Each structure stands twice: as C-alpha cells, then as structure tokens.
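Each of the two complexes below includes subunit A, the first together with subunit B, the second together with subunit C.
Moving on to the complex of A and B:
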C-alpha cells in the first residue's frame, strides 16, 4: 500500500483515539466538549473516505455543529465545568479499567474466532452513497422509520421544553400582593 | 484500507466511551462519552455498508443520529432541571432513591 495513504489513515486514527482519551481525562468539561468536536470531525473524514459523503456532512452539521453547541451552552449555563476528580468508592477506577479490558478482550476474541476472514474493502463506486441514492432509499424503503423519527424529534422537543420550563416563585401570580418584590432573581 | 482498521478503531472508541461512563462523575462528560459510543457504532455501520456495498448501513447511521439528537435534548433539559432543584449535577449526589 502507498506510504502516503498509510500516513493519512494513521494520522486520522491517531486523532480519533487521542481526542477520545482527551475527552475522558480532561478536568474541564469545556475541554472535553472541544475534544469531542475534534473526534467528530475526524470520524466524519473517515466516513468521507468510506464513500459516504452525505453521512459525513450530516455528522459535521448535526453532531459537531448543533449537538455540541447544545452541550457547550448547557456547560456554560450551569457553570459546571469543574467537578472534583476524586474517586468516591475505593477501587472504582481500577475495577472500571479492569472491566473495560475484559470487554475489549471479549471483542478481540470474537473477532479472532470468526469463521470467515474479512477481506479488504472493495473499491467503492462513485455514486454508491451519494445524496440522491440515500434520498431514494430513505423515502421508499425507509419511509415509515423516517416518519417515526419525526415523531421522536417532536416528542423530544416537547419534553425538553416541559422539563426546562421554569416553575418557581420568581413570577408572582396576579392578585397576590407582596410587600416588597426583589428587583432581580 | 483493510476492514480491521475500522473495527479496531471503533472498538477502541467504544471502550474509551465505556471507561468515561464508568469513571467520570460529571454527567455532561458522561453524556459526551455516550456520544462517543454512538459514534463508534456508526463507524462500524458505515464501514460494513461499504464492505458489503449495501446502502442500509448508512441509513441506520442517519436514524441513530436523529435519535441521539433527541436523547441529548431531553438529557440536557433533565440536567438543567436537576441543577435547579439540587444546585449540583454531581452524579453521586443523585441518590434520593437510595434505601
């Protein structure tokens, strides 16, 4: 294989792994969010390399764009960037790492025990996952799931508004006279 | 590129996401680790879609993305509501149901 191709894929893979590790080890939640943006963009480039341009751009706009803006907005709204990193239960960290290693070993074992070996990915034709093809299959075979997704998004919107609606004593009801009302808060 | 490149990358991403969910106590970081795990699964979907030359995997990624967006919206709204009630979002403080 060409050395340049190897270099590009190596750098991309390294970016994905390093940004993922940076996400879980950085103390400040804001840095975690920025690491996650880097991770999303690197994975989007991998989608592009796999011949799925529509998914790649949806990844960048939906994930790295809107979802991360939501995250950063909530982080700044709550002011919860810094929480202590002390472990509350003794040995939780060691046990967690051990469990994850067992999980990884399980995946590797499953991969090694496959009966049919995996070949290289074949050459992807130009029009394989083009937006036109995606649209054709989305509005023909997957029309019902598409509509159900619309209902899920509607339910999520209504739920989010209901959950974050402010119900408190800040807005006095008409008719109840308070001796003095605070100016702010 | 061989298929195993994408599989190894996705397995590593998923494991790091699990580690973040287990170890971190900031629910925002836990949510981000969940997104990382969604992303690992999406990568395998797209890789196998290209491997088998069948487009259905890409469509599943589309649906996973929309569901993840809905989940994040509800989850962050919950977090704001919890912060208003308890003035902290430390996961260890959410133990009101503990017997």
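Moving on to the complex of A and C:
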C-alpha cells in the first residue's frame, strides 16, 4: 500500500478513536460535545477518502454543523457544563465494559472461526456515490422508507411546536383591567 | 494516482487563494471605510500613503503590537482556539469557486480553478455550517455575560438563516442539473441566473448578509446592547483574526453569489472580445469575477450605511416565517417549471 494513503487513513482513524475516547472521558459537557464534533468531521473525511463525497458533506452539514450546534447552544444556554461525578444510573459502567468485551470477543471469534477467506471489497464504479445516483436510488428503490422518514420528522416538528406553544394569554391583556383609582375619602 | 507536479499545482493554487483572500481582507477594510466616509459626506482615511492606501498596513502593525489579554476565569484553551476556528472555514470555503476556464503559461495549460467536484455546493454548505462554532465558543469561553449572549445570538441566527441560504442554492442547481460550480457558471452562458431566479437571488442576498453577521443583521455584535458581543474580551491579534474572518466571509459570499447568480467569471460583453489590443478586457476571466465581487461588496457596505439594525425577535420571525417558506415555494415552483418545460 502507498505510504501516503496509509498515513491519511492512520491519522484519520487515530483522530476518530481519540475523539471518541475524549468524548466519554471528558468531565465537561461542552468539551464532550466538541469531541463529538471532531469525531463527526473525521468520520466525514473518512467517507470522503473512500470516494463518497455526498455522504461525507451531508454528514458534516447535518451532524457536525446543525445537530451539534444545537447541543452546544443548549449546554451554553443552561450553563450545564459540569457533569455530575457520580453516575445517575448505577451499574452502567460495568454493563458497558461487559458489552465491549463481548463485542471484542465476537470480532476475534469471527476472525478465527470464519469459513471463507478474507477478501478485498470489490471496487465500485466512480459514479456510484454521485448525488444524481443517490437521488435515483432514494426516490426509486427506497421511496417508501424515505417518505415514512419524512413524515416522522414532520410529526416531530409539529409536536415540538405544539409543546412550546403558549396556552392562551397568562397575563390579562392591557386595557381590559383598568388600574384601580384610589377612592377619595 | 497523484503526481508530484499535480500536488505542487494544488499547493500553489491554494496559496494563491489564501493570499488573495488575506490581501483582499486588508483592502476591503479600507474600501469599507472609504465608501462609508463618502456616504456620510466625509473624506475617510487619507494620511497613510497616497489616498490612504497604506492604512491597512498601519492597522496591521498597530494590532500586532497591542497587548493581548486573557480574562481571569476564561477557558484558556477554547479562548485561544476560537479565533482560529473562526478564520479557517472562511479561508477554505472559496476553494470550489472557479476563477476562469484555463490559461496557457510557458507552453503548459493550467485550469483556473483548484478543483471541480460534483458536490461543490454541499461543500460550501458544510463549511459554512462549521463556521458557527468559532463565534459560539468565543462567546462562551470569555466568561463574560455579554459575550456569551452574543455567541448564543450568533448561533441562533446562523442556524435560522442557513435554511434560507441552502434553499436559495437549490434554484441554480435545478436549472443546471449539477452541483458543480463550474457547470453552474457554464450554464449561465446565455442568461445569468439572476434573471431566471429573482426570488432565489433576493433570498440569497438577505440570508448571506445574516450569515456573515453584517448590518442590518449584525445582531451578535450589537454595540448598544452587548458592548461588542462575542469578541468583547478579545484584543490584539486574536481580535484581528475575528475581524479578518468577518471580512473574508464577506468576500467569500460575494464570490459565491456572483458565481451562482451573476455568471461568475463570464463576461457580459463577450461579443467584443475579438477587438484588437483591448479584446482581453471583454473576454471572460478572473477580472470579471473581481469586478462583480467589488460591486457586491459595495452593495453590502451601502446597506450597512443605510439600514438600521433589525430587532432580534423580528430577525428570527423574518428568517422562519417569511424567508424559509418563500425559499420552499421558490424551490417547488422552479422544480415544476424545470420538469414541465423540460429544462
């Protein structure tokens, strides 16, 4: 393999892993969110390196650029930077470590017990990930899931608006209630 | 496989883009001060060099020698990183803008664009959406209430106007059938998109002013309410970086707007390009893009000198209740026309 290619993937992979660990370890919510942003961007760059520019830029725009901005907005607005040192739900950490061990064991077992030899992924044509191609697939083969997702998102938006809507005027309208005039005695 | 010659071509082109943008930043500040002065019946800077042409140099030297303060209780790491995070997206966003077709130097033909990707518009969207972080973090890390409020306002404003901005991009994409900037410019050979997409053009104009936090949408740094907004605690070179980012973003949105709607590097007088001696002036090329950008910048400065700042709640209403629906209608109408007229 070319040394340059190896270097690019090495640096990107390392960034992804380090930022993911930083996200978990950091005790400041804002730093955690920023680590997640770095993670999203690095994963987006990996997509780009693998020849999927549409997915890469969509990932950066939607996840790193919009969703995480809202996260940071909320953290800054509420002043909720400092995370509690104790776990709100007990036993999470032990369960997490257990699941990681199972996952690692699974990978090792798959590698050892596989029946077919490992082979390189067949090279896909250059136009596979072009915006036009993705549009065709999305609106032909996956039309139903696409529309269902759109409806779910619409329902969520309407729900959010309804929840945040004021229920009628809480204060009396000016002009209806006249200020009391002191009675002269 | 990338050859060494190709690699160095990229490096040199990138360097030229960065140098033009930073040099442009210096002179756009002078341009703005001169134009503002003229509009207000003043003379403007005229002491440093002929016509005040060395004023940016003097400003730069002043800022380099200024003391840099870091407030007590500030988050040191983010306070230092925030100006850098703000400048980098501004510097890289114009990488996909074509400056012209090609040029022949020393018997070798070079293309006048860094790269022609088929997702250029998505690249611009991605980079502009990242540029919010610098401002938000600058406000938060200063440990100052005014700065934090400025940062929060900037975040809310930029998210709101990104939608309208993104929707205004869709018109040219639909008319061209491609997201490549080069294709979009070539599709405007006959007629500029500003005539086919007037609503999209107006949307882009307003949303881009909000996106770069310029008047009348300069809410994040509203001096009267927030002292100086997110950069209240910054001084010296760190402040200069914010200043630089703002002006480079102005240049960048002018370049993007000129490319999407005003025909980019195309010349409106191309039929005169066969004239002897002065023919090159009328031929398409980077100088036409430069002229369009200069006019667009003049318009931005003019707006700043003329319009008062919009109130914050009105700004959000304008973004969500007027510009966003207008953008959606524009997209639907354009798509219908393109489909039924067989564009």
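For this structure, a couple of remarks:
We take it that the second predicted complex is superposed on the first by the 141 of 185 C-alpha atoms of A that agree within 3 Å, B and C clash if a C-alpha of one lies under 4 Å from a C-alpha of the other, contacts with A are read in each partner's own complex, and residues count from 1 in each chain.
Keep in mind that, in the parts below, contacts are C-beta pairs under 8 Å (C-beta built on N, C-alpha and C of every residue); 3 or more make two chains touch, one makes a residue touch a chain.
Because the structure is a prediction, the values reported are computed rather than measured.
Of the two partners, subunit B and subunit C, it is B that touches more residues of subunit A. Look at A:45: by the touch rule set out above, it reaches neither subunit B nor subunit C. After overlaying the two complexes on the shared chain, residue contacts for A:17 are found with subunit B alone; subunit C is out of touch.
Contacts of A:76 after superposition on the shared chain: subunit C is touched, whereas subunit B is not. Look at A:53: by the touch rule set out above, it reaches subunit C but stays clear of subunit B. With both structures placed on the common chain, the touch criterion links A:37 to subunit C but leaves subunit B unconnected. Once chain A of one complex is fitted onto chain A of the other, the partner contacts of A:66 extend to both subunit B and subunit C.
When the shared chain is aligned, subunit B comes close enough to touch A:128, but subunit C does not.
Common to the subunit B and subunit C interfaces on subunit A are residues 54, 58, 66, 70, 77. Considering their complex, residues 2, 78, 117-119, 122-123, 125-126, 128-130, 132-133, 136-137, 139-140, 148, 151-152, 155-156, 158-159, 162, 179 of subunit C touch subunit A. On subunit B, the positions that touch subunit A within their shared complex are 1-7, 9, 11-13, 15-20, 22-26, 28-29, 31-33, 35-36, 39, 42-43, 46-47, 49-51, 53, 55-56, 58-59, 61-63, 65-74, 76-81, 83-84, 89-90, 92. By the touch criterion given at the top, residues 5, 9, 13, 16-17, 20-21, 23-24, 29, 32-33, 36, 39-40, 43, 46-47, 49-52, 54-55, 58-59, 62-63, 66-67, 70-71, 74-75, 77-78, 80, 83, 87-88, 92-93, 96-97, 99-100, 103-104, 107-108, 111, 118-122, 124, 128-129, 133-134, 137-138, 142, 145, 149, 152-153, 155-157, 159-161, 163-164, 166, 168 of subunit A touch subunit B in their complex. By the touch criterion stated above, subunit A contacts subunit C in their complex at residues 4, 30, 34, 37, 41, 44, 53-54, 57-58, 60-61, 64-66, 69-70, 72-73, 76-77, 130-131.
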